[in-house]
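Sharing a structure here in C-alpha cells format.
To keep things simple, chains are lettered A, B, C and D as they appear, and every chain counts its residues starting from 1.
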Amino acid sequence: MDTYETVLEMRGITKVFPGVVANDAINFDLRKGEVHALLGENGAGKSTLMGILSGVYQPTEGSIVLEGAPVRFDSARDAIHNGIGMVYQHFMLVPKLTVAENIMLGIKRPKEPLLQIDKASEQIVAFARTYGMDLDPEQKVASLTVGQQQRVEIVKALFRGAKILVLDEPTAVLTPKEIQELFSMIKMLTDQNFSVIFISHKIDEVIEISNRISVLRRGKLEATINNEGVSKEELAGLMVGRDVSFCVEKTPCCPGDSVLALEGVGLKDREGRPLLKDVNFEVHEGEIFGVAGVDGNGQDELLEVITGLRSASEGSVCIVGQEVLGKSPRQILEMGLAHIPADRQARGLVLSMDIKENFIINDYYRSPHSKRDIISWPFVRKHTKENIERFDVRTSSIDTPVSTLSGGNQQKLILARELHGKPVLLAAMHATRGLDVGAIEYVHQRILEQRAAGTAVLYISTELEELMSFSDRIAVMFRGEIMGIVRPEEVTIDQIGLMMAGSIT
Amino acid sequence: MELLSYLLATDLRMAAPILIAALGLLFMEKSGVVNIGCEGMMLFGTFFGVFFARLSGSPWIGLLFAGMTGMVIGLFFAFIVVTLRANQIVTGIALNIIAQGATSTLNRLIFGVSSQAANAPGFEVVPIPLLSKIPVIGDSLFNQMGPIYLALLLVPLIRWFMMKTTMGLKIRAVGEHPHSADTAGINVRSVRYGSILAGSFLVGAAGGFLSLGILSLFSENMVSGRGYIALAVIIFGKWNSWGVLAAALVFGLGDAVQIKMQTAGSSIPYQFLMMLPYILTILALSGFVGKAESPAASGKPFRNDEL
Amino acid sequence: EGQKEGESSDQLKVAALLPGPINDGGWNTNMYDSLKFMEKELGAKIAYTERTPASDYEEIFRGYAASGYNIVFGHGFEFGEPAEKVAKEFPDVTFIITSTSISQPPNLGSFLVDDFQCGFVQGAVAAILSKSGIVGYVGGMEIPPIVNQSKGFVAGAKYVDKSIDAKALLTGSFEDIAKAKEMSKSLIAEGADILVADADESNHGVIEAVEEAGALVIGSSGDIYETVPDARDVILTSMTENMPKGLTVLAKSVADGTFEAKNYIIGLHDGAVALAPFRDKASLVSADQQAQIDKIIQDLKDGTIDLNQYK
Amino acid sequence: MNRRLNTILVQCVSITVAFALGAVVIKMIGISPLFAYGALLNGSFGSINAIGETLVKMTPLILTGLSYAFAARAGLINIGAEGQLYVGGILATLVGSNFAGLPMIIHVPFAVAAAFAGGAVWGGLVGLLKVKFGANEIITTVMLNYIAIYLVSFLVTGPMKAPPGTMPESRPIVDSAQLVRILPGTRLHIGIFIALLALLFYYFFIFKMRQGYEMRVVGNNMESARAAGMRPQRTMVLAMLLAGGMGGLAGGVEILGIQGRLLQSFSPGYGFDGIAVALVGVNNPVGIVLGALLFGFLRAGGNRMQLIAQVPVSVIYVVQGLVITFVIIGQNLHVFQKVGVNRPFRRKTGDGPAPEVL
C-alpha cells in the first residue's frame, strides 16, 4: 500500500479552554481503510480533538478538511451528516429506550414522521448481520452488557452512514473475547474501506490493531508513526515523557491468616434468578486475590455482599472470623474494610463536593474527625492535606470540587481515602479502569504496598493481563458461580478466557 | 345506578380540565421540562378563552385562542428555562404570580369593575347518538361537551405520538438523556421548545375549557389549584397518558364523591370532605402506585458544550 | 368629584380594607359600591386595599389612619380585633367594622346585616314556592355571615313546612366557581328546584348551574336581577342589602359628628334589607303565596317571629 | 472578586428592567409610576416603621426558605412549606392560647417549640411516605398543603373556635406567649431573632455537623452515601423533619408575633414564596437572607403601594412576578458568555445535586 487516499485532515487544531490549552496546533490525518490510533495519557487532549471532529466543540484555531474539501462542524448533526461516526468513551445511549429506538434516533429520513419500528428493526438486524453482529432490537439498552451497548453504538454510527468511525477508549470496558470480536469487526470495516480512529491508553492493543499511531502529550502531537516494529517502551516513553516499567515488581506472596472467607454464598434477584451461586473462597493476609470475569457475571453483587450494600440470601461471609451478613455497611467498614468501587463517580465520590469532604466520607462521624456530632474541620483539613500529598493527588487546593479532578486524580483520591488507615481487607473493583499507564502503575504500587503490609486484597477486574501479572490467585466468575480458582503461574490467559466463557478447567 | 351515572358524569367533567392540562404537561415532562407554572398558564387560558369567545361568539375559537395564549406564555417560559437554562421551578413560580396579577389587571382594564363577571358563550353538551342511550355509562360518557370527547381522544393519540412517531422518539430521548440525543444530531433545544409550545397549547386550552366548558365566564383566580393538581396527576399517572387519565379521574371522583356526600347531607364536617381527594391521592400513592420514575433529565437544563 | 356645599374645606377621606377582590359580585363589591356611593354623595376621597392578607390588617389600618383618612372600614368580622388595637392609637379616626357586633368608644363601631334574618326570608320564600319540596343553599367559606345565613335559610324553610328538605352546602372557597357549579348541579340532580346563591364570586357558578339544569335562583347581598342581567330567566328574587346606603349614612354621621361607637344592625325593620320584587317571575307566585310571604316579612319586622329561638 | 461585582451589577440591571416594565403596566392603569414606586420604597425602607414591616415580612420568609433549603440539601423537593406553616400555626395556637399564667420565659419557647414540632410532623410524614412507600415528595407535599389548610378551617370553625360567638377564629394567644415587640412604633417582634437563629442553625448544621454533612452527601449522591455506610433513608426523614420544623416555625412566629390567633387562610402564601426565596438564594444562608429581603421588600412596599398610590393588588403581583423573573434571568445571563465555565459532561449516574425530579 503505497498510494494512500487521505479522507480526513485536521490542520493546526488548537483548542483553548479557560486556563487550559487542550489541543495545541495538532495536525492529524486519516487515510481510507486505515486504523489510526490516538495514544496519550489522561488529559492529553484526545477526547477534545475528537470532540472537535464530531462537532461538539469548535476549535479555537485550525481547520478540518474532509475528502479534500474544507468543512466546518457547528454541531454533532453536521458531523454526522458528513459521515463521522463517534462512539464516545461514555456511551451516548438512552438507557430507557430500546436498541432499535436508539439506533433510529437522529436518522434523517425526511417525510417519514412515523417510526415504523418493525420495519426499521428488520433493517437494523439485517444491517448488523452484514457486519457479523447480532442485535435484539427490542431489548432496552439498560439491560444490555457494556459490550452489547458498544455494538449498538457502532451499529448506530454505521447505520447513519458513517464512513469514519471514531472509537474513544472502546476496550476499557470489554472482556478479552469482546475485545477480539471488536478487533475483528474493525478489520472487517477497514477491509470495506471504512476508516477508524482508535483511542486508547493500552499500548498493546494499539500495536495490535492500528496501521499508524499518533501520540499526544499535554495537548501537543508528539509523533505520528507507522506501526512497524515500534516497541511498547518507545510508545510509552512518548506518551508520558519518561521511562515506564511494565512488569509489576512483586515480592513472592507469603499469605498469612484468612481474612475474608465466603462459604456457600448465594443471592437471588427479585424474580428469583440466581445472581450468586454457592460462592466459596478465602483471601489471606498479604495476598492479592483476583476475580476475573466478564462484566455482569456477579462481580458487582459479590462486592455488594462483602461490603454490606446487599444482603446474601444464603451462606456466610466472614471478615477475620466475624460474620458479616446482616451487618450494616458501616459496621463492616469499621471492621477494617477498604472499598474501591467499580464506578468511582457513581459510588465512590460525590462530585459536587470538595476534596476534603470526599476524603472523610468514611470517617466523618468519629473522633478525631468529629466530636459530639460536630466535624472538626481544622483536623480534617490537616489530615486531608497530609494524605493528599502522600498519595500524590494533584490539585490546587483541598477546597476544589472533586468534579474538576481528572479521572486519574479522582482514583488517587479514593486510594488515599481507603488506604491511609491500614485496612485489614481491601475490596477493589476496576481500580485502574480508564486510567493511563502512569496512573495504573501508581495504583498497582499502592496496592502492592498494602499487600506487603499484610492487607488481604480482593481485586475484581476484567483486565486479564493485569490480573495475571498482579494477583497471587485468581478466581473466575461466570453467571454468579466461581468456575475455578487458579494460580497465574499455572495457567495461560487463554485458559482463563475459556473459564470466563463458562467452561470448567 | 343513577348515582353511579351521576358520579361518572361529574367525575369526567371535573377531571377534564385537569386531564387536558396534565396531557400538556406530559409533553413538557417527556422532554425533561417541569412546569410548575401550569397554574398560571391555565389562568391566562381562562381569561383569553373568554375574551376571544366573546369577541368571536364561538367557544371553539375561544378555546383555540386560549391554547395560543398558552403558547405565547410557553415561548416566554421556554426562553428562560431552555435558552437561559434557568431553574424551572422558580420560573414556574414567577409565572404563577405574574399570571394572577396580569389576568386580574386585564380583566379590570378590559371588562371593567362590575359584579357581572365577564361571560362568554360556553360549550354545549353534544350527546352522541345511540351511544348516549346506553344505560349508566351512556349518559355520563357520551352526553358531554365536545372538548371532553377531544380530551379523551387525545389520551391514546398522545400515547401513540410518543411511542410511534419520530418526533415522539426524539422527545423521549431528549427527556431521558439529552446528551445522547445531542450527539445523535438532535437539536435538544428545538425539541424542548417544541414540546413546551405544544404542551403549553394544551395547558392554555385546559384553562379555556375551565372558563368556557365547565363555566362560561372569567373570574379572578378561578383555576383554584387545578394546575398543581395536574402536576400531581402526571407523577401519579407515571408519565403515561393512560395513567394520567386514570389519575385525573381519581381526582375528579374525589371531587364528585365529596360533592355528593355534602348534598346527601353527610354529617362529616365539610372540610374533611374537601380533603378527600388529597387524602385519596396520598393513600393511592403510598399503597399501590409506588415509586414512579420521571424522565431522567427532568428539570435539568441542558448545555451542549459539555462532553 | 366636586365638594359638596356646606362641608368644611378638608374633604372627607374614607378607606376600606377588603378581604377579596372588588369585583367579586358579592360581599366585596358591596363595599366597593358603598365607597363609590360615598364618593358621589359625600364627595369623599376614597381608597381601598383588596385581598388584604391577614398578617397585615393591623398595619394597613394604621397606614390609612396615619395618612389622614377620617373613616376606615374593615369589611368583615376578621378585621375587628386589629381595628380595636389601632383605634386606640388614633382617637380622631373612626373605625367601622362590618359583619360583627363589636364596639369600642369613642371611635370604633360596627355594622351588621342580620344575615340570619336574610337567610330566614330566603328559606321561607324558597319553601313556599318550591314544587319539589327540596330547596338548596350554596355558600362559600365557613365564616359567620355565610353560616348564619345558611342556618337562617334552613330555619325559614322549616318554619314554613316542617317536611321540607332544605340542604345547605358550602364550597369552602369564594373563588372556586367550578366547584360551586358542580355542587349546584348536584343539588338540582337531587331534586332541588330553588337555590340560594351566597358565595360571592362563586355565585356565578350557581347561576350557571341553575341556567343549565333548570331551576330558579334567589340572590343574596344585592339584587342580582340588576347585577347579573343575563340570568334574568332564572332569577326568582334576591335578598337585597342596601349596604351603600347604610354605610353612607354612617359615614355622614361621622362627618356631622353624630356617630356613636356602637353596633348598628340593619335588617328588614329599617328598610335597608328587603326582598326584591319577583318581577319576571311574578306569575309563579299565587296571591296566597304572596300573602304568606308578606306576612312572614311583616312578622319579622315587628318581632312577632322571634328569631332567637331558632338560632 | 471581579466576577462577584459583575454578578451584582447584572442583578441590579435586571431588577431595574423589571421595575421599568412594571412602570409601563402602572402607567397603563393611569397611575404615575414614580409615585407608585415612591410608595413602594417608602413602605419598605422609608421609615422605621417601614423597615420594621419589611423585617416582619422577612421573618416567615426566611423560615419557609429554610424549609425548602433543608429538604433540597438532602435531594428532596419540598413544596410543602405552606402546609407545614399552617400546622405550625395550629400547634402554636394550641399552646399559646392556653396555659395562661405560665411565665413568658417558659411559655414563649414552649409555643415556639410546639410550632416547630407541628411542622416537623407534617414534614416528617412526607419523609416517611417517601422512604417507606416511595411516594413522590412533590405530590405528597402539595396534597398535604391542601389538607393542612382545610384542617385549620375545620379547627377554627369547630374544636378550636373561640367559645362565644360564631367567628371562625381561635381564642387569642395569651400575653405570656406573645412574641415581644422590639422596636417601638413597629410590629417588629423577636420572631426575627428566631428566624436568624434558625438560619444560623441551618448554616451550622449543614456545614459543621455530621448530620448536615450526611445530608449533603445523600442529596448529591445517594449511592456513595450508602457505600460509605450512611443511611440515606434516615437522613431524608431527618431532613424532612427539620424542613417541616422550619415551615412550622414560620407559622408559629406569624401567629405568636403578628396575628395573635388562628384564622382560616392566615398565610398570604409565605410557604410558596419560600421556595423562590431559597432558589433565588441558591440554598445558601446569605442568599436566603437576600432572597427574603427581596420578597419582604416587595410585600411590605406592595402594601404601601396599594394604600398610598392605590395601585391595585393585581398590578402589584405583576411587578412582583416580573422582579422574580428578571432576577432569574439575571442569574442566568452568563449563558451568553462565549465559553462555559462548567465542568465537562460525564455520565453522572448517581450524581449531581438534582433530586430525582426537579
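To be clear about the criterion, contacts are C-beta pairs under 8 Å (C-beta built on N, C-alpha and C of every residue); 3 or more make two chains touch, one makes a residue touch a chain.
Please read all numbers here as calculations on a predicted model, not as lab measurements.
Any chain that touches chain A and also touches chain B is listed here: D. Farthest chain from chain A, judged by C-alpha centroids: C.
By number of C-beta pairs in contact, the leading pair of chains is B-D.
Centroids of chain A and chain C (each the mean of its C-alpha atoms) stand 76 Å apart. If each chain is reduced to the centroid of its CA atoms, chain C and chain D end up 36 Å from each other. Between chain B and chain D, the centres computed from C-alpha atoms are 27 Å apart.
Among the residues of chain D, those touching two or more other chains are numbered 150, 153, 157, 312-314, 339, 343, 352.
The set of chain C residues touching two or more other chains comprises 21, 142, 172. Looking at chain A, one finds that residues 91 touch two or more other chains.
Of all possible chain pairs, the ones that touch are A-B, A-D, B-C, B-D, C-D. Interface residues of chain C, counted against chain D in their complex, comprise 15, 21, 47-51, 53-56, 58-60, 63-64, 67, 77-78, 81, 100, 141-144, 147-148, 172.
Those residues of chain B whose C-beta lies close enough to touch chain C in the complex are 6, 10, 13-14, 17, 104, 107-108, 113-117, 119, 122, 210, 214-217, 219-222, 224, 255-256, 259-260, 262-265, 270-271, 274. The touching residues of chain D, counted against chain C in their complex, run 53, 56, 150, 153, 157, 165-169, 172, 187, 254, 258-261, 263-268, 303-304, 306-308, 310, 312-314.
Chain B meets chain A in the complex at residues 163-170, 172-173, 176-177, 179-187, 296, 304-305, 307. Against chain D, the residues of chain B that register as touching in their complex are 34, 36, 80, 83-91, 93-105, 108-109, 179, 220, 225, 228-229, 231-232, 235-236, 269, 271-272, 274-275, 278-279, 281-282, 285-287, 289-294, 298-300, 303, 305-307.
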